[in-house]
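So that we are looking at the same thing, I have put the structure below in structure tokens.
Here the chain labels run A, B and C in written order, and each chain numbers its own residues starting at 1.
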Amino acid sequence: MAELIRFENVSKTFGEVKANHGVSFSIHQGSLHGIVGENGAGKSTIMKILYGMYPVDSGEIFFQGKPVHFKSPLDAIQRGLGMVHQHFMLVPTLKVWENIVLGSEPEGIRLHPSEIISELSLLQKEFGFNLDLEATIEDLSVGIQQQVEILKLLYRKAETLILDEPTAVLTPQEVDSLFAKLKTLKQQGKTIVLITHKLKEILSWTEFVTVMRHGAVVETVETKSLTENSLAEKIIGRKQKPLPKTQTNVSDSHPILELKNVSYDKLKNLSFSVKKGEIVGIAGIDGNGQAELADLLAGVGFPESGELCYDGKTAVAGKTLPLAMIPPDRHAQAAILEFTVEENAILGLQRSPRFREKVLLSKTKISDFAKNVMEAFDVRPRNCKAIFSGLSGGNQQKLVVGRESEKNAACLVACHPTRGVDIGAIEFIHSHLISLKNQGKGILLISSELDEILALSDRVIVLYHGSVAGEKIASEATERELGLWMTGATA
Amino acid sequence: MNRLKPLLFPFCGFMIALFICTLILVAAGERYSILLESFYNTFFTHFGLGYALFYSTPLVFTGLSVAVAARCGLFNIGAEGQLYIASVALTFVATHLLLPIPLAIPLAIFAAMLGGGFWGGLAGFLKARMGSHEVIVTILLNFIAYSLTDYSILYLFRNPEVQNPESLEIFQSYRLPLLSDLSALVGLETFSTTPVNVTLFFAVLCAFLVHFFLFSTEKGFEVRAVGFNPKASKFNHISVEKNTILAFVIAGALTAGVAVNEIMGHQHKLIQGFSVEYGFTGIAVALLARNNPIGILFSAFLFGSLHNATREMEFMSEKVTKELSFILQALMIGFVASERVISEVLSRRGKKHV
Amino acid sequence: MFELLESCLRLSTPLLFAAIGGFFCERSGVATICLEGVMLTSAWSAAVVTYYTQNPWLGTLAGLLTGGFTMSLHALLVIFARADQIVSGVAVNLLAAGVTPFLNKIFFSSPTNSPAIAIEHRFHAISIPILSEIPLVGRIFFSQLPLVYLALILPFAAHFIAYKTKWGLRLLAAGDAPEALQSLGGDVKRTRFIFLFIGGLLCSLGGTFLSISHSSQFTRDMTAGRGFIALAALIFGKWRPLPTLFACLFFGFADSLQIRLQSAEWLTGNFPVQFIQATPYLITLLVLVGFMGKSRPPLSIGKEFK
């Protein structure tokens, strides 16, 4: 196979952060090439550099043997590259066909929808797509939106497709059909680059893999030569820590949190309960009511019908439940980026008398509290006056987890607790959740990472269109079955 | 020194704006020194300084008003309307209720705060409950406030003996002493015949109170949290609606100081259109001080002096109008608003040279 | 009654220019509260140039250039200096409120108004043959100032550009998902700048209408909040040109009614004129409060784009 793209010693820094340093590897024409690494390993950055989104600081990129410097994605697109970003680059208010032609409209000022649609239909046929071109993007499911993104690239005659974490929002079945589609495209001669942090995808679909860690390449090898364990070790640079032992003592305790036929926004007739001393996992594709469930439990919303009970008492409108919560979106919901670390440490606790000196807030009491949390939850750097946004994702999340644990509530709702954090923080947070459970707290774990749910939960509930599609003891659940439930098949 | 650093940039902006204005004046055929002369007169004569302080006093209040709203993520362009409603409330009380001084003064101030707070709270309510954008709402409320004020002057407490529309004089017990009178008591002659009065002290006190409110109370913490991130506030049980309304009520109530300064301290009556755009200048004052209440004391003084300087120029020159200060404010706001890009460019330059 | 409709059309005209101008600005993803300032500067320069050259066409050209320039300042601040869009709008409005009386005093030694333009140097109503002779309706709709016709066509033209052309596609993409446009090789900054400039030009026609068509001179603050009412009309019209047309006509009607009521003797005798004067603002406020929540702004408006 001929070499298509070669990186030589590419480095890139953002401010103080070395996103890439000395990156060198090659991608072969017509191959399915995986780039794997944990969050922040620099996989997206190196591809965005290739795609002309960031300039290189030093080093060279060769494309078809010649050095290239794409100044913008437009340059890259013209050379037959195309990228599907992790956050889709679609205009939600426009139609599918409008999104596809945007930026590369046919000749002439006026648009002729019927001509464009018939041209696109041909394209769909050629590559085996079947999209409703007149639909508006915001009405479509994420899986379909992703297909629009791929079709968009094919319309631009892309020969090399780069996909950044394409499966993060898909069900196992959708993942399968995506890879089937990618396989067909590969057979038609396209080169495909897959950026992911999921080992299974790398092992089952790619031919070559480049492992990245801390902004540098660990190695590029043929996938055949790897096992799951050897790949995992290469990614984190050490052996994974095992999770602490869990005790199960659920059977006799009463539910701390219970939903009875609750309807609210996307949630329809939702019923489940969480008992003290167990972890209940809520699986499902994003957008099936997880965010609404979090809103409801945080007191941002209130059930339109049905009952929400906490510790045996029915919730009242306008009174928030005394539970602890790790909100789904760290930046938008869990913390205030512009505040200092210590201010974030007392966010939500600011009315507590423990921070008060007479009527005013006491600066020293707040600092002492924040320092304790930072110590206990290993938040670095240990500077409680630092601006929160300066912390890394993992440290931010550990502070949030610490703050919520300080509430010492009988129930913790953890929404995507490890999203976008490094492996060290993931291990820390996972073992913390288990130790809380062992202390007898009830934990509701909402996550789109099926692996995480299966590893931590006692029971798994699959959410589909705002209702329970199925429930299972975690140790008896299979990924296939849960995946079917995620797409609407009922138990 | 590090605490002063954030103020360096706005101050440079002010200086550059002054420089550009000088160029404009020279282009208009003025002598280049006219701006300096007027500033000299402002800072180095009792008369000039007295007036500068008199003009600074309302700007402290409107600056604080804009800043409190801004800390809650709200843009209060309505201070102008709020201060008029506060004036109407104050004048109504002070022309209708004959009370002894210890009752009269607190009552009048309270009435003014109630009036301003109500008008501000209205904008807050519309924003919080109806989702209307506060910028357009406050501007429309300004226009409505002007009409209400005109109406009140003409129908509620008009002085029939004068041609121009103005209110009756307020009762003696509502009048505040001038600083020149106070200093005369201890045998000093300061501020000659200028109207600067004890409201100035009240303004300084308010700046400190607002500072304590924002940074040392849980309510202030919540107001700031909402200002930075309403969604995260909601998730942490901080009500966005309540704090939006609260911030606007406080913002409106703060403009009461303008009414106190003007009516109880100086004119002793409500005159149509007395505010020389104090409400709008408050935006520039707050921006220059980066919404820091203590910084506002200084930036208000800067803009108060500027106002007096342009007024002096109006006397000195055929060509200059007091609207020159708007141009200066606009330049400064534009400069401060582009701070990030300018400092990025500067730091890039600096790096290349090293 | 017919006079009322005629004055409604005239008073809607500046609102229409500003609102459709604002449509292009805001749809491109930039909050534009400086319509007021753009109208004010263009009203001033149109009046001054018409006064000196005795030619309203040159006055209009001057108004366009000034208004376009004023909006470019906002565009520069917002797009290239990444200033807060509202703050920048405030700065531009302040600048306009300062520069116009300042220059006016230098030119005419009075900050309040420019000298009156002789009636023969102003724009006049154009009667469309035949159509204008239709009884009653003819005079209202087909015997109007030239800019009134243009203003009435404008929303349709804006609708065509925004929803039927590739420029429109890019306009909408820049306002709703700038990153998507950028990722496809579109230039968001350039798109925004161009549409802000076009919006500025349209908006300045509204300003020139005030000073050389509707009246005969510039007076200080003659826009009197119309830029903000136009913005409210745009919101009321859900950021779409055709509904905005009706919103503008509605506000224009409220304004003409207000003027009519001020001179109605049966009313002024027992009702304070100040309340009547406040009605357009009050109505705008009420409409805004009623409709804001239901109207979805362009998705990326007010957000900084790097």
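FYI, a residue touches a chain if its C-beta (ideal position, glycine included) is under 8 Å from a C-beta of that chain, and two chains touch if they have at least 3 such contacts.
For clarity, every value in this text was computed on a predicted model and none was experimentally measured.
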Taking mean CA positions as centres, which chain lies farthest from chain C?
-> A
More Cb-Cb contact pairs, comparing A-B against B-C, go to B-C
Chain A and chain C, separation of their C-alpha mean positions in angstrom | 45
So, in whole Å, the Cα centroid of chain A is separated from that of chain B by 47
Can you check how far apart chain B and chain C are, centre to centre, with Cα atoms defining each centre and the answer in Å?
-> 30
For chain C, what residues touch not just one other chain but two or more?
-> none
The chain C residues in contact with chain B across the complex are 33, 73, 77, 80-84, 86-88, 90-92, 94-95, 97-99, 101-102, 105-106, 109, 111, 224-225, 228, 231-232, 235, 272, 274-275, 277-278, 281-282, 284-285, 288-290, 292-293
Interface with chain C, chain A side, in the complex: residues 72-74, 77, 83, 85, 87-94, 98-99, 101-105, 108-111, 152
Could you pull out which chain B residues touch chain C in their complex?
-> 24, 28-29, 75, 77, 126, 130-133, 135-137, 139-141, 143-144, 147-148, 150-151, 154-155, 280, 283-284, 287, 318-321, 323-331, 333-334, 337-338, 340-342
Provide the residue numbers of chain B that touch chain A in the complex, in ascending order.
-> 212, 216-218, 221-222, 224-225, 228-229, 231-238
Can you list the chain A residues touching chain B in their complex?
-> 298-300, 320, 325, 327, 329, 332-339, 343, 347-348, 350-351, 356, 359-361, 363
